[in-house]
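One structure, as C-alpha cells, below. Some questions next.
Labels run A, B, C, D, E and F following the written order; every chain starts at residue 1.
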Amino acid sequence: MENYYHMSAYIALLVVTSSFVAYATDPTQLQDFCVGVNNLLKDSQITVVFNSCYTNTTLSLLVNGLFCKDPNLVEPEDFLFSDLKVPGNLNNMGFSVTLVSAMNLPGLTTLGISLARLDFAPYGLNPPHTHPRATEIFTVLEGTFYVGFVTSNLANGGNKLITKLLNKGDVFVFPQGLIHFQFNVGNVPGFGISGLSSQNPGVITIANAVFGPNPPISVDVLAKAFQLNPNTVKYLQAQFGMPGAY
Amino acid sequence: MENYYHMSAYIALLVVTSSFVAYATDPTQLQDFCVGVNNLLKDSQITVVFNSCYTNTTLSLLVNGLFCKDPNLVEPEDFLFSDLKVPGNLNNMGFSVTLVSAMNLPGLTTLGISLARLDFAPYGLNPPHTHPRATEIFTVLEGTFYVGFVTSNLANGGNKLITKLLNKGDVFVFPQGLIHFQFNVGNVPGFGISGLSSQNPGVITIANAVFGPNPPISVDVLAKAFQLNPNTVKYLQAQFGMPGAY
Amino acid sequence: MENYYHMSAYIALLVVTSSFVAYATDPTQLQDFCVGVNNLLKDSQITVVFNSCYTNTTLSLLVNGLFCKDPNLVEPEDFLFSDLKVPGNLNNMGFSVTLVSAMNLPGLTTLGISLARLDFAPYGLNPPHTHPRATEIFTVLEGTFYVGFVTSNLANGGNKLITKLLNKGDVFVFPQGLIHFQFNVGNVPGFGISGLSSQNPGVITIANAVFGPNPPISVDVLAKAFQLNPNTVKYLQAQFGMPGAY
Amino acid sequence: MENYYHMSAYIALLVVTSSFVAYATDPTQLQDFCVGVNNLLKDSQITVVFNSCYTNTTLSLLVNGLFCKDPNLVEPEDFLFSDLKVPGNLNNMGFSVTLVSAMNLPGLTTLGISLARLDFAPYGLNPPHTHPRATEIFTVLEGTFYVGFVTSNLANGGNKLITKLLNKGDVFVFPQGLIHFQFNVGNVPGFGISGLSSQNPGVITIANAVFGPNPPISVDVLAKAFQLNPNTVKYLQAQFGMPGAY
Amino acid sequence: MENYYHMSAYIALLVVTSSFVAYATDPTQLQDFCVGVNNLLKDSQITVVFNSCYTNTTLSLLVNGLFCKDPNLVEPEDFLFSDLKVPGNLNNMGFSVTLVSAMNLPGLTTLGISLARLDFAPYGLNPPHTHPRATEIFTVLEGTFYVGFVTSNLANGGNKLITKLLNKGDVFVFPQGLIHFQFNVGNVPGFGISGLSSQNPGVITIANAVFGPNPPISVDVLAKAFQLNPNTVKYLQAQFGMPGAY
Amino acid sequence: MENYYHMSAYIALLVVTSSFVAYATDPTQLQDFCVGVNNLLKDSQITVVFNSCYTNTTLSLLVNGLFCKDPNLVEPEDFLFSDLKVPGNLNNMGFSVTLVSAMNLPGLTTLGISLARLDFAPYGLNPPHTHPRATEIFTVLEGTFYVGFVTSNLANGGNKLITKLLNKGDVFVFPQGLIHFQFNVGNVPGFGISGLSSQNPGVITIANAVFGPNPPISVDVLAKAFQLNPNTVKYLQAQFGMPGAY
C-alpha cells in the first residue's frame, strides 16, 4: 500500500500587521494606485501534497510598505473603510483612537496620507506622544481641548511649549516628530478627526515607550535620565508595563 | 527752496495668493516648522523718502512654496484655523468647499498635508475634478453620497469607473491626479471632511478648466476633442465662463 | 490503478501591463539600475504536477513600480527601445503616441524619466488631457502646432489658458497635472518628441475619462456638472465609449 | 541748518540659529552645492541715511533650510569644520555632543547628512531622546556602551526594546524618530562618532521636552499621562527647567 | 552748495548662471509652476541716491534651485525655448550640446526634467562623462552611434561596460551618475535628442574635470592615481586646461 | 515499479550582492525599520520533490533596494556591524575602505545613510572617484590629508578645484556626484571615518571605470577623449584591468 506524504510550501509573504508608519514624504506612487496586500499569509498559502516527503517551509518577505494587489482584482471596497461612525473603546486615559491607515484601508498604500478619529471622555487625555513619520492636522468636532506641542531642544532657545484652547470647528497643526498632546478640558465627551501625512504615521506614547517597553530599559539609565530614585522608576515601570494605545 | 522727492522701494516678496498645491510628496521640512509668510507685500513695504528723485520699484520674489516667518516671532495662532465650524456658501452646484491649506493656515508650510470641509445641499454635487498634487481621503459626517473616480487611460484596460455609495462614518480614498466626484444623493444637506496629502493640493474642475478658461480654448480644438458641433461648444463656453470653485 | 492529479501552483507575480505612471519625483534608485520585470507571468509560472490532487492557484503580487531583474542577467537590450523611427497608427483624432516607458523599456525602471513620439495628421489633435504623474517637455520636429495648458482653479485668479504657436525646433513645457493639448494647425503631417518626468507618466484624456469610462458615470452627475441636458450627455457617452489613446 | 535724518532699513534675512533638523529624505540639491548663509543679519544690513525721516525696519525672511551663498564667493573653508578633535564640555549627565550640521558647516546645506562627536564621562549617559528628522549610525571609538532603541507602539506587538553592548569598533543603527539612548558602562571616558541622515537632524531629549519646556506643560496633563501625583510632577519640572543639550 | 552722494544698494539676488543640475528626484513643485528668475541682478537693482554718503552694497542670495517669478507676470514665452532647430557649434571633439534646462527655459523650474540636442560631426565624440543629477534617455534622429556606460565598482563584479550600436529611431538609457559616452561611427553628421531627469542635470566631462580643473590637481595625486609618469600627467594637463563643454 | 521524479522549484529572490548605493534622497522608510534580506537564495530555496517530472526553475526577483525581514524575527544583531576596529587590507594605492552599508548592516535598509572607515599608508591615496548616490562627510582621526573636489563643467565658470589640507579632527564635505580624492601627505599611516548620505552610496573610481571596465571601452573613443595616442591608451588599459576598490 502506498503512503502519501505531504509538503506544505508556504510562500508566506508576511506583512507586518502592526505599527509601521510613513513620513510626510512617503515615496510617491508609480501607478494609479496600489491596493496593499496586508494579509498575504491567508491568501498565499500553497500546500503541495505529494508522496515522498513532508516539508513545511515558511518564507516571510516584506517590502518597504506593502505589496500591491493585482489591479485587475481591485474592487471599490478596497478604497473604503466603514467603521468611523462610532467612538472606539476608551482606555484608562479616557481616550481612544481609530486609525485608518494603509493597514486597514489597503487603497491608501503609496498615497502618503491617513486619518484618525479621536474620542475623549470628559477630561480624557491623549498623552504626550510623537508620530515619527507624520504631521497631524486636528479638527475639533465636539468638545473643548487644551492642546500643545514642544519644539526640539535648540529651536528658538530650547524646548518651547506652544499651546492653544480649541473649540468646535478649530483646526490645529502638530508638526512632524514633535511631542504633542490633546486634553479634553470639558465635562462632556469630545471627539475630532485628524489627517496624518503618511500612509502609516506611527505613534510613540512617551510614558509607555520610556517606562513600559519589553524588555524594560535599565533602571540605572532611567534613574539618571529622569533624576528619579530607582524606586520611583520601578513604580513607573509597573504602571506602564503595557504598550501605549495607537 | 528744496524739493523733496520720494522713493518707494517696495521690496515686495509677493506670495501667490491663490491656487498652488503640493503633491503627496511635498519636499520635507528642514526645521521643526516653517510658518509661511503669505502676505509679504503688506509687511515688507519699505518706503524710502529722499530729496533727489522719485523711484517706485516693486520686486516680487517667490520661492517653491512659501518663505518662512522668523521662528522667534511665531505664535500659537500660526498653527490655528478657526472657521471650519460652519458650512461655506453653496455655489450653483449646491456645493461649497472650505480649504485649510498653507495659504490660510501658515503653520502647515513644508508639512505636506491640508484639510477641507465639504458641504452639500440636497442633491448637491462636487463635480468631476482632479487634485494635481494630492490624494484625498474623505470622511462622511452627514449624508449619503454617490462617489467615484476614473482610472487613467490604460489602467486595467482603459478608463474604469470605481464607485461606492457612502453613508455617515464611511471613509473613501481618491488617488492622486485621478478625476473624481461626490454627489449628495439624499434630500437633506450633507457634509464631510477630507484630508489631502499636500500643503496646497490644487484643484482642477474639469468643466470649468476645459470650457471656461480665460482666454477660452479654441472652438476648433474643443469641437474636435469632444465631437460636438461648434455651437454646442460655444453654449458650454458661455456656461463656464467663470473659474471653478476651489 | 493509480490516479494522477495535478497541481499547478502559479506563483504569478503579475505586473500591471498598463497604465502606471510616476510623478516628477519618482522614488530614487537604490542601485545602479533596476531592469524592470514586466511580464513575470510568462517567466515565473511554476507548474507542479503531482499525484494526489489538482489545484490551480494564482498568486499575483506587485510592488510600487516593478520588480527588478537579477543584475547578473542584464543585457544591453534591456536599455534599448528600437521602434521610435516610424509614426504610430493615427486614431480618429488624427493623432498617435508611441510611449517609451518602464513598461516597454525595462531599463528605465526607478530612473524617473520616459519619452514619447507624437505624430499628427494634418489638423490632427492630441485632445485635452493630463499626465497625473509627469511634466512634459515637447520638441517640435516637423509641423506647426497650437498648444496650450490651463492653470488650476485658483492660480492667478482662476483657470487661465496659456497658449503658443510652435514651429520646428521650438520646445514647450506642460507642467505636471495640468490640462493641455497639441493641435497641428498645418495641412501637412507633423511630429515631435516629448520627455516626461516619470518612468510611467500616465495619461487621462478628459473626454474619454469623463464620458467614456466603464461603467459610465451617472447621467445625473454629468448633466449637472456640465449643465447639459441628459440627452446630450447620453450622446457624448455614446461617442466616447472607448478608452482614450495613450 | 539742515537736519539729517536716518533711515535704517535692515533687510534682515534671518536664519534660525538653532535647532532645525532634516529627515532622511532632505529635499535633494539642485546645484553642485549650496553653501548656507546662516548669519545674514550681519552681512545684509543696509543702512540708508537720508534727510527727511527716520525709519528702522527689520524684515526677517527664511526659507525651508537656508539661503545659499553666491557660488562665486565660495571658499574651501565653507566645506570645513575644524573643532572635532577635542571633547565638548560635559553636562550633568556626564555627556557632551558636538554637532556638525548645516548650521556650523555651511557647505552641508542641501546635502542631507550631518555628523556628531559624542563624549561620555565614566558612566556618562546620553539620555533617551529622538531625532525627529534623522537616522543615526553610531561608531564606538573608545569605551563600552549599553545602547538601545524602542519601537513604536504597535510594531511587533508594542513597544519593544532592542539593546546591545557595544565595544570599540562596533557600529549600531538607531532608526529615524525612535527613542534611543547610549550609556557608557565603563569606568573610563568613552567617545564615538555618529552620522545622521539630515543636514539638521534635530534632537528632542525626552525628560527635558516633557518636564522642562518653557512655559511648562500643565501639571494635570503630566500627572495623568505619567500616573504620578502632582507633587512628583512638580519635582520633575524643577529638575528639568532647562532645555536639553543638543 | 550741497554735495549729493549716492548709495547704490544692490539687493542682488544672484542666481548661479552656470552648472547646477538636479537629480532624478528634484524636490516636487508646490504650485502649478514656478517660472525661475535667473537674472535677478538686472531686474532687482535698487539704486538709492541720497545726499550724505555713498555706499555700494551687493547682497547676493540664492536658494536651492531658483527664485520664482510673480505668477501674475508670467507669459507664454516663459515656457518656450526656440533655438533647438539648428545644430550648436562643434567643439574639438566634433561634438556640440544645446541644453534646455531651468537656466534658459525658466518655466522648467521645480518640474524635474530638461532636454538636450546633441550634434556630432562624422566620427564626433561626446567623451566619457557623468550627469551627477540625472538619468539620460537618448533618441537617435540621424546617424549611427556606438554608445555605452560603465557600472560602478562593485555592481555585478566590478566595472562592467554595457554598449550598443544605435541607429535612427533607437532609444537608449544612461542611468544616473554612471560614466557614459556617445560616438558617431558614421562618416556623416548625426544628431539626437536626450531627455534628462532633472531641471538642471549637470555634466562632468571626465578628462577635463580630472586633468583640467582650475587650479590643477597635484601632479603627485594624478601620477599615482593613473599610474602615469609625471611628464605624461603634465602633458595631459596641458591638453585639458579648459573646462569641458556642457 | 514507480519512478519518482523531482522538481526543484527555487523561488530565488536574489539580492544583488554588490555595489548598489542610494542617493541623498533615498526613498523614506514606511515602517520603523526594514532589516534588509540580502542573501535570500540561501533561505528561500524550495525544493519540491514529486513523482512525475523533474523541473529546476530559478526565479530571481529583486526590488528597488532590498526585501525586508519579518519584523518578528528581527534581532539586535541586525542593527550591529562589528568589524570597524581594525584597518582593512591596503591596496596598491596604499589605501583601503571598509564600507558599512545596507549590504553588510541590514538594519540600514530604507534609512538613507551609511558609513566607511578609510585607511591610508604613508602617502596612501584614495584616487579620484565619485559616489553616484551620496554626499560624503569625512572626519580625520589620524594623519594629515590633502583633499579636494572638482565642480561640474559649468559651475562657477568651469571645472574648479576646491582643496584643503586636513589635520586630526578636521571635517570636510564632498558634495554628491562630484569627483574627489584624499591623499595622506604624511609619512605615517592615517585614517578617518566618513558618513555617506545613502544606504548604499556607490563608488566609481575614475581610472578603473574609464580604463579598466570589462569589456574595455574602444581604444578609438579613449584616444580621442583623452587626446592620447592609442599605445598610451593600451598601456593604461593594461594597468587598470581590474575593478577599483570600493
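Basically, a residue touches a chain if its C-beta (ideal position, glycine included) is under 8 Å from a C-beta of that chain, and two chains touch if they have at least 3 such contacts.
Model, not experiment: these values are computed from the prediction.
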Where subunit D and subunit F overlap in contact partners, by chain label: A, E
Among the chains, which has its CA centre at the largest distance from subunit D's? C
Upon optimal superposition of subunit C on subunit D over Cα atoms, what rotation angle is obtained, reported to the nearest 5 degrees? 180
Provide the C-alpha centroid distance between subunit E and subunit F, rounded to the nearest whole angstrom. 26
Between the Cα centroids of subunit B and subunit E the separation in whole angstrom comes to 35
Two or more other chains touching the same residue: where does that happen in subunit B? 11, 16, 18-21, 23-29, 31-32, 48, 50-51, 63, 65, 71, 132-133, 151-152, 155-156, 176, 178, 202
Taking the top-of-page definition of touch, could you list the pairs of chains it picks out? A-B, A-C, A-D, A-F, B-C, B-D, B-E, C-E, C-F, D-E, D-F, E-F
Flag every residue of subunit C that touches subunit F in the complex, lowest number first. 4, 11, 13, 27-32, 34, 37, 40, 43-44, 46-51, 63, 65, 67-71, 73, 109-110
With touch defined as at the start, can you tell me which subunit C residues reach subunit E in the complex? 23-29, 31-33, 71-72, 74, 76-77, 79-86, 100, 105, 107-108, 111-115, 134-135, 137, 139, 141, 151-152, 155-156, 162-164, 166-176, 178, 193, 195-197
Hey, which residues of subunit F end up touching subunit C in the complex? 7, 9, 11, 14, 16, 18-23, 25-27, 48, 50-53, 55, 57, 59-66, 132-133, 198-200, 202
Please give the residue numbers of subunit B that touch subunit C in the complex, ascending. 16, 18-21, 23-25, 93, 125, 127-128, 130, 132-133, 146, 148, 150-161, 176-179, 181, 183, 202-218, 220-222, 224-228, 232, 236, 239-240, 242-246
